[in-house]
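Every chain is named by a letter (A, B, C and D) in the order it is written, and numbering of its residues begins at 1.
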Amino acid sequence: MNRNNRDRGYKRLKKKVHLLLDPTDGGTFWDQVINSLIVCLILLNLAAVCLETVESLYQGYRSWFRNFELFSITIFSIEYLLRLWSCTCIRKYRHPLKGRLRYILSAGSLVDLAAILPFYLPLSGLDLRSLRVLRMIRFMRFFKLGRFLNASRVIRRVFASKKEELLISVLLVFTLIILAASAMYFVEHDTQPDKFSSIPETMWWSVATLTTVGYGDVYPITSIGKTLTACISILGIGMFALPAGILASGFSEEFKRKEARVAAACCPHCGMALYE
Amino acid sequence: MNRNNRDRGYKRLKKKVHLLLDPTDGGTFWDQVINSLIVCLILLNLAAVCLETVESLYQGYRSWFRNFELFSITIFSIEYLLRLWSCTCIRKYRHPLKGRLRYILSAGSLVDLAAILPFYLPLSGLDLRSLRVLRMIRFMRFFKLGRFLNASRVIRRVFASKKEELLISVLLVFTLIILAASAMYFVEHDTQPDKFSSIPETMWWSVATLTTVGYGDVYPITSIGKTLTACISILGIGMFALPAGILASGFSEEFKRKEARVAAACCPHCGMALYE
Amino acid sequence: MNRNNRDRGYKRLKKKVHLLLDPTDGGTFWDQVINSLIVCLILLNLAAVCLETVESLYQGYRSWFRNFELFSITIFSIEYLLRLWSCTCIRKYRHPLKGRLRYILSAGSLVDLAAILPFYLPLSGLDLRSLRVLRMIRFMRFFKLGRFLNASRVIRRVFASKKEELLISVLLVFTLIILAASAMYFVEHDTQPDKFSSIPETMWWSVATLTTVGYGDVYPITSIGKTLTACISILGIGMFALPAGILASGFSEEFKRKEARVAAACCPHCGMALYE
Amino acid sequence: MNRNNRDRGYKRLKKKVHLLLDPTDGGTFWDQVINSLIVCLILLNLAAVCLETVESLYQGYRSWFRNFELFSITIFSIEYLLRLWSCTCIRKYRHPLKGRLRYILSAGSLVDLAAILPFYLPLSGLDLRSLRVLRMIRFMRFFKLGRFLNASRVIRRVFASKKEELLISVLLVFTLIILAASAMYFVEHDTQPDKFSSIPETMWWSVATLTTVGYGDVYPITSIGKTLTACISILGIGMFALPAGILASGFSEEFKRKEARVAAACCPHCGMALYE
C-alpha cells in the first residue's frame, strides 16, 4: 500500500513535470511561466548567437558569452532530461524504453538534442555555430504560448485548407521564373554576356524581377529586353495577388465554419449554448 | 437663484467649449469648423517643421517662420488651457483638481503639452526640434473629422478584431528575417565579409529582401546565396499575402456584422427600422 | 406637313449621330464600330505622340507624322463639331445656344477641345505637345466599349462604395511618409547631409521605402537608421494589405448585392425571372 | 468473328494507349505513373536546356548532353507517334486521316511536334535551341497530375469568372504606365536627356516604378519629378490591391458556388448525398 502510494505520487509528479514542459491548450499559470522562461532563454540564446558574430562585441564580452553558453546548456540539458523522463505520460511513448527511444527520434526532440549535443562533443568551432542556428527553430515554440494559440491555429488551419492552391501558385511562380529566365537569356545574352551568362544565372534576374525586389545589380539594356521585363513584372503583380486572394477566401471560410460550429452548438429555439 | 443661474450658464459654456474642442460623433457645424481650423493649423505647423529643415528657405524666411511659430504657440496654448478648463465635463475627469491632474497625464494631453512646452523652456535648439516632431501625432486628429469618422472606425475595428492574427504575421516576419539573416551570414560571410559582417548586419539585407524593397546596396554574389535569396524572396510574397488575406476577411466580417445589426433593428414582417 | 417631316427626319438624324458618337449601354453594331475606330485613332495618336519623342524616328518620318497629325485633327474636328451639333438631344443640353455652351464647358468636351485647339492656334511647339498628352485622357473612353462596360462598372462601384476607407488608407500612407521622413532626417542628417539634407528631401527616401520601390539611390547607413528602416518597411507591408483587404471586401459585397438583386427579381416559388 | 475480336482488341488497346498518355480526371495508377515519367523527362530536358547554357558544364559533359538529347528525342518521338495513332479514340478526331491531320494542327500537338522536329531537320544550332524552349510549355502538363487537378481547376475557374475585371486592371496598369511616362518625360527630359530620352524610353522607368521593382538604374532627380514619382508609386500600391481584391472575391464566390452545389446534391431532410 505504501509503495503503491509512492508509485502514484511518482506518476503524478511525472505528469506534472510533463505538463509543465509541454502545456496543452488551457495551461495553468505555472505551466505558462515555465514555458515563458524557456522561451525567453531561447530568445536570449538567439540574441547571443546573433551578437557573437559581431567581432567587436565578441572580443569585449568573450567570458560573458561563454558563461551564458554554459548556463543555458545546463538549463537545456536539464529540460531535455526531464522531457525524456516524463514523456512516458503520453500514450504514444508509454513504453519505458521503446517509447523513450521513439521520443528521442521525434522531430521536436531531435531539434532539442541538436541544440545541446554539439557542446558535449569536441567538434570544430564552425560546425558548432551552424548547429546552434538550428536552435532558432525552437523559437517557433514561441507561437505555442497562451494567447497566440488560437490565432496561430486559425492561420495554420487556413494554410492547411488552402495548401494545394498555394502549392500551385508556388509552382506557377517557378514556371514563370524559368520561362522568363530562358526568354531573357536569348534576348540579352549577346549584349550583356557577363550578367546573363547562362539560364541558371539569368534566373537570379527573373527572381528579383518577379518578386519585385529589384536589387538593380542585373537589368536589361536592350529594347526587347526592357519590353519583356515590363510584361514579366506586370505578371509579377499577379504573383502577389493570387496567394493574397487564396488566403483571403481561406480566412473568410474559416470564419464561416467557426460561425456554423457556434450556431450548431446553440439551441435553435433559445440561442443558448448547448455544450462546450 | 441668480447665482444658480450663473452657475448653470457657466456649466453650459464649459460643456459647449468642451464639445467645440472635442466633438463626438454627430458634431454640429461649428464644432467641425473649429476642429478643421485647428487641424489646418497643425498641418501648417507640420509643413513649417518640414520646410524649416530646407536651409535655403529657412535663411530667406527666418522671421516668417518665427512669427508663425509665435502665432501657433499662442493658439495651441489657448487651446490647451481651454481643454484643461473644460475637461471636468467628462465623468472621468469630474474632480476639479484630481480630475485635471489625471487629464494632464492622459496620452493625448501629454502630446498637446509636449507640443507647446519646449517653447516656454530655455532648451537647446535640437531638443526643441525633435519634440516638435511629436506634434505630428496630433495630425492623427485629422481622422476624427466628420466624414472620416465612420470609415476610420471601421478600419480600427477590423484591426482590433484581427490584432492577434496580425501580430502573429508580424512575428512570422521577424522569425523569417532572423532565420534568413543567420543562414545568409554563414553562406556569404566569407565572400563578402564587409557587407555580411555579422548576423545583425545581415538582417539589414534580409529586411530589404523580405519586404521586397531591394535597395541594391547589399546582395549575394555566390550561387548558394542567390538560390537562398530566391527562396526567401518567394516566401516574402507570402509576407504580403498573409496580412492582406487577414484584413480582407476582417472587412468582410465587419460588413456582415453591420448587416446583421441592421437586420436585427428591422421588423421581420415589414422590414421597417424598429429603433435607431 | 412636308416641313414637319423634314424636321422629324432632321431630329432623327441628329439622334442617330448622337448615339453613334456616344453609345449607351447596349449600343448597336455600328455604334460600336464607329467608337472602336475613334478609339483606334486615339490609340494611334497616342502612339504617335510617344514615338515623336524618339529623335531618330522623328527625323526619318517627319512628313508621315505631319500628315497623320493633319488627318487625325480633321477627324477629331469633325467629331467635335458633330458632337456639338447633336448634343441638344440630351435633355441637359436641350437649349440650342445655352445648352451647347454648357456642353462646351463640360469636362469631356473641354478635353476634346483641348486636343484639337492647339493646332489652330499659332502656339509654340512645346505647349502643343504637352497639351496633346491630355488626349490620352480620351483613351479612357476605351473602357466604355461593349464588353468592358459591365466589368468597369463593377470596379467603379466598388471604388465608390469604399472611397472613404481608401481615402483613409491614402491619408495613413501620407502620415507614415511624413513621420518616417521626419524621424529619418534627425537620425541620418549628420551622417549623410547630402542625401538626407532636409525633411522634404528625406520624404523621397520614405516614399521609395514605404511603397517598396527601393531605387537604391538613398538608403540609411547608420545602425539606428537601418533599424528604423526595417520597422518602416515592415509597416509598408501593411500599406499594401490595407487597400487590398478593403477592395476584396468591396468586391464580395458587390457580388452579394448583385445576387440579392437577382434573387429579388425571381419568383420565390418557381425561381423564374419576374422582370428585366 | 475472329477478325471482329481482333478488331475489338485493337480498339481496346488503342483506347488504353490513349488513356495512358492523356489521362482524364480520375486516372488509374498506371496512367499517372506514365504521365509522371513523361513529366519527369520533360523536367530533366528543361534542366538540360538550362544547364547547357552554362559554358563550363557544357564543355565538360558534352557527350552526356548529346546522349540525353538522343534518348529523350526517341521517347518523345514514340510518344508523339502513339498519340497520333490513338487520337482517333476522341470523337473529334475520329476520321483516320482527316481527324489525324486535324490533331496534328491542334495547339498541344504542334508544341509536341515543335519539340522533336528540329532534331530531324538540319537546322542551325540557334534555332534548335530557341525552339527547345517551347518544350517548357509542355511543363504545364505538370499541373494536370493527380492531386493538383482539383486545385488548379479552382484557380482556372476563378480566373475565367473574373477575366473581365482582371483585363480592366491590366488596361488600367497600361494607361497609368503611359500617362506616367508622358508626364515624366516632359518633367525630366531636360535634366536627364540620356535616361529620359523619349516617352517609350521613359516607359521603362514607369514600369519599374509602378510594379515597385525599382531597379535603380533610372530615377528622377528634379523636385517635380520626385513629387510626381511619389504620387505614381502610391498609385502603384493600388495596382497590387485591385487584382488581389478581385481574386479574393473570386475565390470566395467559387467556394460559395461549390457549397451551393453540395447543398443542392444533398437531401434537405437527412443531409445525405442524393447523387454524384
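A few notes on this one:
In this section, a residue touches a chain if its C-beta (ideal position, glycine included) is under 8 Å from a C-beta of that chain, and two chains touch if they have at least 3 such contacts.
Chains and their UniProt names: A, B, C, D = Ion transporter.
Please read all numbers here as calculations on a predicted model, not as lab measurements.
Relative to subunit B, the chain whose mean Cα position lies farthest away is D.
Where the sister copies subunit C and subunit D meet, the same residue numbers recur on both sides for under half of the interface positions.
Separating the centre of subunit A from that of subunit C, both taken as means of CA atoms, is a distance of 45 Å.
With centres taken as mean Cα positions, subunit B sits 32 Å from subunit A. For subunit C, the set of residues touching two or more other chains reads 203, 208, 212-216, 240, 244-246, 248-249, 252. Here subunit D touches subunit B in the complex through residues 212, 214-216, 240, 244-245, 248, 252, going by the rule given at the top. Partner subunit D is touched in their complex by these residues of subunit A: 164-165, 167-169, 171, 175, 178-179, 181-183, 185-186, 189, 197-201, 203, 208-209, 212-216, 219, 226, 229-230, 233-234, 236-238, 240-242, 244-246, 248-249, 252-253. Partner subunit B is touched in their complex by these residues of subunit A: 46, 49-51, 53-55, 129-130, 133, 136, 139-140, 142-143, 147-148, 150-152, 154-155, 158, 170, 173, 177, 203-204, 207-208, 211-217, 239-240, 243-252, 254-255.
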